[in-house]
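Two complexes, one shared chain (chain A), two partners (chain B, chain C).
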Partner chain A sequence: MGLQIAFWVLALIAVGSSAGVILQKNLFRAALLLVVCFLASAGIFVTLSADFLAAVQVIINVGAVAILIIMSIMLTREVTRGSPSNRLGAPAFVISALIVFILVFSILTTAWPISGAEPAQPTTSVLAQILIGDPGFILIIQMSAILLLSTIIGAIVLMKEK
Partner chain B sequence: MPELITVGAAISPNLPWSDWQFGFWIHLLIFGIGIISLLLGSVIIFIWLERRLVGRFQRRLGPNRAGPLGLLQSVADVIKILTKEDIVPSRADKLIFWIAPIVAFTPVVLMLAVVPVADGALLADLNIGILFVIAISSITALGVFMAGWASYNKYSILSAMRTVAQLVSYEMPLILSMVGVVIIAGSLSLNDIVKTQTVPFIVLQPAGFFIFFIASLAEINRTPFDLLEADSELVAGYNIEYSGMKFATFYLTEYCEAIVLSTLAATIFLGGWQGPWLPPIVWLLLKIGIVFCFIVWIRSTLPRLRIDQVMGFAWKFLLPLAILNIFVTSIFVALWPETPAWLMGLTNLAILVAYILFWSKLFKPGGKAVAV
Partner chain C sequence: MAPGLEEYLILSALLFSIGLFGAITKRSAVVILICIEIMLVAVNIALVAFSRFITPVELTGQAFAVFVIVVAAAEVAVGLAIILTLYRQRHTIDTKKVDLLKW
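Moving on to the complex of A and B:
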């Protein structure tokens, strides 16, 4: 019962704020609504007993991604008026409608498996076992680390004074 | 609602109200009110303490007229600031201008939810305690940014940009400095971390404490990292357009952050509530006071750094040291778990000293400026 109420409140906040991100003309306010959306989805993770994921969601998406978005918004002009209209409206509408259709279709037609197991407590050691344990995903983690490293080096090369 | 209790916020069974009918809600009520009143009460005392201490460091008396020893000075200041006119700039983004102080203040109070004041006596014994603290603390930067932006003032935006650059940079060494402690304690829960400290972790992890303390000074914008409100450059910082209660909330946020980070330093590195003879809460408050006095000591001793020096210090000095610390600590814990505490602490200290000596050769005053 309590979890149901929590889920619906958080879901409404998440959907409402993400609609606000799209509809809000003021870019800065749109970015702040995005933060609200991230926080609400972190709350949904908590109701699913995924506390580690919720904390990581807040650290990465609110603490880093949202702040970088706001920083880059500050470098743009005419923040309060939003993007000016142009002739790309119609193709953009078609493409986004297509993406929405594909997403909704695949979500509705997939048979989502639901685990009957009790949520693990604490979650951290189970996660660690899966990620870097014996039959784990250590190779993928290392590859993503290399990806991030190459991105950082790329950024440094781009920023370097000639 | 028993299912909500299982969601992370498990309450300890050794509290008197844990088997009452509405024990969970009573627990929330008691600890919620307790944390807020303790924090707000201690802010008033700590402001007085800081002003008296800075006075002593500068060979003057500090506030000593209002009440015994000047204790009522902070109360007088609070009354003065609450009765001031609330001014909103005409071109400000009103809504964000209004929300910003709340966004900045709330996370600071929330951080205390996972700090134990005695064995098992805390608001929520989260399995991910430290991670929760880090996650919540990153939201404060957003409040500062909102304030700087919404004020429609170039100095406040400059200050907000500086702050965010500084906070994002110092978050990294701050998080990594705590990883060494987590590796030794084997848990992210602050309650477990305090219980494993038969020897305070500052002895085992001097390098970790060194990084944590410096990075948290930067996180709370204290000297020598107070570029956020460098009066001579930015007039007053991101809160320049704020007055009255809104300004008071920002002022409160800064002091609460200082107190919360002293609390974290006391809990993670100095043994928290553990100590002989005295009751646990007294030990915790004593340790918080000592760390806070140390912060004030640094404030009245060191000059302010330049912004490029601040950034360079985080990325070139603290971050490699933090990674080195994690590496050495995990070697000890994984390969020789039976290592005596003194050997571990001495190795850590030796690495810290060698590292400082090595890097001080590379960093020379008046070197080439680093573009930020």
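Moving on to the complex of A and C:
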């Protein structure tokens, strides 16, 4: 019962705040609504008993990504111009509604192989096993290290004063 | 009755289409990046829901979600660096006025 209430409240907050990002004219408030959306999704991860991912979501997305976006909004002085839309409003709405309709239809008509097992609790040791264990994703972990290094170098090169 | 897989997937689909709508219609490059972040959050919710309801012991979906978060962080860092460079050179990040690659 408590899980159900938490899910519906968090889902309402997530959908409302992301709709607010679209509708909000003030860029800075849109970025703050993105933070609300990240926090709600961290709560949804908690209701899915993904404790490690909820903490990672708060640390990386709320702590780093949102701060980067707010900093860049301040640096570009776009706040004065608001958040204008282009003329693609109607076709974009039709496409989005179509995608949501197709997705919901296929979600509701698929017979999911639901497993009745209790979720692993806590998830950190299982995740460590699957990420850096023997039949795991160790190669992808090393690739993401290379990705992060090239990201750092790329960002520094792009931002260097010419 | 706790929420099942379908509820989480429908929430994820809603968030994804809201982000898609914003990414198509907005003109400010920063808002487009914000909408892409919303789409990535939606994908993560779907992955974690699959992990919870279909592989609750192996947690394969959560491993994918970790990589999605890594790639999202890298994408935001490079994207904002490009936007700031663009602003420094052209004094605008309006995608209507930045048409260097348009033919």
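Just so it is clear, the second predicted complex is superposed on the first by the 124 of 162 C-alpha atoms of A that agree within 3 Å, B and C clash if a C-alpha of one lies under 4 Å from a C-alpha of the other, contacts with A are read in each partner's own complex, and residues count from 1 in each chain.
By our rule, a contact is a pair of C-beta atoms (placed from the backbone, for glycine too) under 8 Å apart; a residue touches a chain by one contact, two chains touch by 3 or more.
For clarity, every value in this text was computed on a predicted model and none was experimentally measured.
By the touch criterion defined above, A:V104 reaches chain C but does not reach chain B. Once the two complexes are overlaid on the shared chain, A:V15 sits against chain C while remaining clear of chain B.
In the superposition on chain A, A:I67 makes contact with chain B only, not with chain C. In the superposition on chain A, the chain among chain B and chain C reaching more residues of chain A is C.
With both structures placed on the common chain, the touch criterion links A:L3 to chain B and to chain C. Contacts of A:T124 after superposition: chain B is touched, whereas chain C is not reached. In the superposed model, A:Q142 lies in contact with neither chain B nor chain C.
Contacts of A:F28 after superposition: chain B is touched, whereas chain C is not reached. Chain A uses residues 3, 47, 49, 52, 56, 64, 123 to touch chain B in one structure and chain C in the other.
The touching residues of chain A, counted against chain B in their complex, run 1-3, 6, 26, 28-29, 32, 35, 46-47, 49, 51-52, 54-56, 58-59, 62-64, 66-67, 70-71, 74, 121-124, 161. Those residues of chain C that touch chain A in the complex are listed here as 1-11, 13-22, 24-28, 30-31, 33-35, 37-38, 41, 44-45, 48-49, 51-60, 62-63, 65-67, 69-74, 76-78, 80-85, 87, 93-96. Against chain C, in their complex, chain A makes its touches with residues 3-4, 7-8, 11, 14-15, 18-19, 21-22, 27, 30-31, 34, 37-38, 41, 44-45, 47-50, 52-53, 56-57, 60-61, 64-65, 68-69, 72-73, 75-76, 78, 81, 83-86, 88-89, 92-93, 95-97, 99-100, 103-104, 107-108, 112-115, 117-120, 123, 126-127, 130-131, 136-137, 140, 144, 147-148, 151-152, 154-155, 158-159.
Against chain A, in their complex, chain B makes its touches with residues 1, 3-4, 6-8, 93, 95-96, 126-128, 131-132, 134-136, 138-139, 141-142, 145-146, 149, 157, 161, 164, 168, 171, 188, 371.
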